[in-house]
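In what follows, chain A forms one complex with chain B and a second complex with chain C.
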Partner chain A sequence: MNALHILATQSTPSVTSDWEQGLLTMQGDSYPENSFEFFGDIITWIERYLKESRAPLRLELRLVYMNTSSVKAMMDIFDMLEEAHQHGRQVGVDWFYDPRNERVLDLADEFREDCSFPFQIAADG
Partner chain B sequence: MAEKPPLSPAEQALIERIEALLADPAHAANPLREPMAALFAASEAQRERLGRLVHISDGYHLISRDQSQTLAEQYDRHLRRLDKLARISDRYQNSLRELSEALKDAALRDPLTGLGNRRFLMEHIRDETGRANRKATPYSLAILDVDHFKHINDRFGHEAGDTALCQIAQAIQAALREYDLCGRWGGEEFLIMLPETPLEYALQVAERVRLSIQALNFAFMEQEGLRITASLGMALHHPGEAYPETLKRADNALLEAKSAGRNRIGTA
Partner chain C sequence: MDTIDLFELRAHFNKSRILLCFNGPISRSLIEEIGNALKNYLQADHAQPSAAMDVFSVYVEMTQNIRHYAMAHGYDELQSSATVVVARDEESRYLVQAGNMVEKADGEALLARVQALANMDKTKLKSAYKAQLRQPRDESAVSGAGLGLIDVARKSARALDASLSQVGEQHAFFSLRATI
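Our next item is the complex of A and B:
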């Protein structure tokens, strides 16, 4: 199963994936009751992609609110990308935020700390 | 192969002396030569074993030192991660808290005049009624209605009406005492709550409110030389009375003030 598509709910972001393009997107708020379960599929997809493909991987994020366990899961994901990057893989993150909510910019910036792979933060639109 | 442990110069000299004696053909027939040679060989073997032991022991030390270093590094890394997690999480929490405060404020405030809205007033009337009943310190209540407000809207437009409401709201607030409360009850109606105030004092405050509204100048009707006035209905909360009852009496007093010619205060 190379396709991962999750519809947004009130407490979880929408997730789309494109194996051929090497693109994973996440959009919305994230405060699932069971973060482990929700992020498990996403982490598995990324792990498999990094293992089975040699092509670059890009994450396109439009995340707004996150609870603590979601923050931890995202940190785990960025650690995976960092490790792949250390092994010479081409990985990158593009984090878009609504210019009316500048707080997301600061938060994304906190996430970016310790990441040496390309990590862009840009206003949407 | 493990090296033999290093020797002190005296030990080295002794070993060389023994080696020289054992090699000397002059002592070949000495009966002590054979046991001496055996003893020397045993000593050398012992020395080599000691060397190996030290080497192995050092190896274990090295491994355990490496392990504890790795553990310390892992610990530091986890600590840093935890730190980052807490930092990011706190930021999210802060923005939620600010959002909820903004929402609470929006939920209780009238966006036009900036005064408390009907929900805000209801909360306070409920609280104040509880306090008045417990402490037997009755409050007074005034409902204020702007006279002929519909005419102002019709004649000068809704924007002018809105401006007038804002100016009136400011005038009411300025005429009140610090601990009095006022809010927009709805439309052109305002509600004034005077805690722990007997009706006779409340009337003085209400009269000050009425006069300051009457004294207001409105840019949009300057040329007409018109004034805006307001009528007020007042009621004193009776001990044990439910607040809707007090409100109803104030409302009735307002109707009386209106029918008696407006720009005046009615009391229940």
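Our next item is the complex of A and C:
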């Protein structure tokens, strides 16, 4: 069971995974009441990938609004990537945002401040 | 004469520039549905995308905090009621207000917390937010564990305004207002 495919709901983003490509994508708003329940499967997938594969891992994010509990869960994910990076693993994040909404840039930028692995933030389209 | 004068109520809403209000037991799906209505209102009101997101964000943090509090205290449906108002002030800023019943001691602690946040500038609030983000998670907590209130304070253009109205011996109504 290496695949992770979650359809978006009003309060949770869509998630896709590609083990062979080492790619995880998340797109949409994230403000579930119980973020740790929602992010649990994603965290498990990343943990397994970092442990069982030696290939690079890239996160492609098009997240828009996140509530604080989603931010906390996302920080846990970036901490995992940071630790892997410190051990010489190739990891990276690409965060795309709609340039009409600068809040998304602020959000992504605050995460990037705490990461030393490659973390690109780019306007979409 | 205990009839509700809708016309008068409407006049009051209009005079106070209330865009949206809610009073009653609040569920997870109601938070999403009202949030959706709020997004549509803000769009129709030609709010800047960043302001619209701040208003939505403050609304979500406040109402989810109320839900988490009610669940943590095992409150029944009636006790889990929230009062939520989104309005505009004279300067066309958005006001987001939410209130709920709390244990009196919790209400006093919350007031003190809001006061402490009110004394911080944006830089200090950011440090407080990042410090809170780094706090180890309480295993039983499903929420953002204290991040929500700091986040609301960061998004508010003016210092947060909170009040406490005593209800009976043990309870109080806690009310919080942010300005976007």
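Annotations
By definition in this document, the second predicted complex is superposed on the first by the 125 of 125 C-alpha atoms of A that agree within 3 Å, B and C clash if a C-alpha of one lies under 4 Å from a C-alpha of the other, contacts with A are read in each partner's own complex, and residues count from 1 in each chain.
Keep in mind that, in the parts below, a contact is a pair of C-beta atoms (placed from the backbone, for glycine too) under 8 Å apart; a residue touches a chain by one contact, two chains touch by 3 or more.
Predicted, not measured: the structure shown is a model, and the values here were computed from it.
Once chain A of one complex is fitted onto chain A of the other, the partner contacts of A:W19 are absent, as it touches neither chain B nor chain C.
With both structures placed on the common chain, the touch criterion links A:N67 to chain B and to chain C. Contact with chain C, but none with chain B, is seen for A:N34 once the two complexes are overlaid on the shared chain. Residue contacts after overlaying the shared chain place A:R100 against chain C, while chain B stays out of touching range.
By the touch criterion stated above, A:M75 is placed in contact with chain B and with chain C alike. The larger set of touched chain A residues comes from C, when the choice is between chain B and chain C. In the superposed model, A:Q10 lies in contact with chain C only, and not with chain B. Residues 65, 67-68, 71-72, 75, 103, 110, 114 of chain A lie at the contact with chain B in one complex and at the contact with chain C in the other. Remark: chain B residues 80-81, 84-85, 87-89, 91-92, 95-96 touch chain A in the complex.
Of all residues in chain C, those touching chain A in their complex are 28, 31-32, 36, 49-50, 53-54, 56-57, 60-61, 64, 67-68, 130, 133, 137, 142-145, 147-148, 151.
On chain A, the positions that touch chain C within their shared complex are 10-11, 31, 33-37, 65, 67-69, 71-72, 75, 100-103, 110, 114. Across the interface of their complex, chain B is touched by residues 65-68, 71-72, 75, 103, 106-107, 110-111, 113-114 of chain A.
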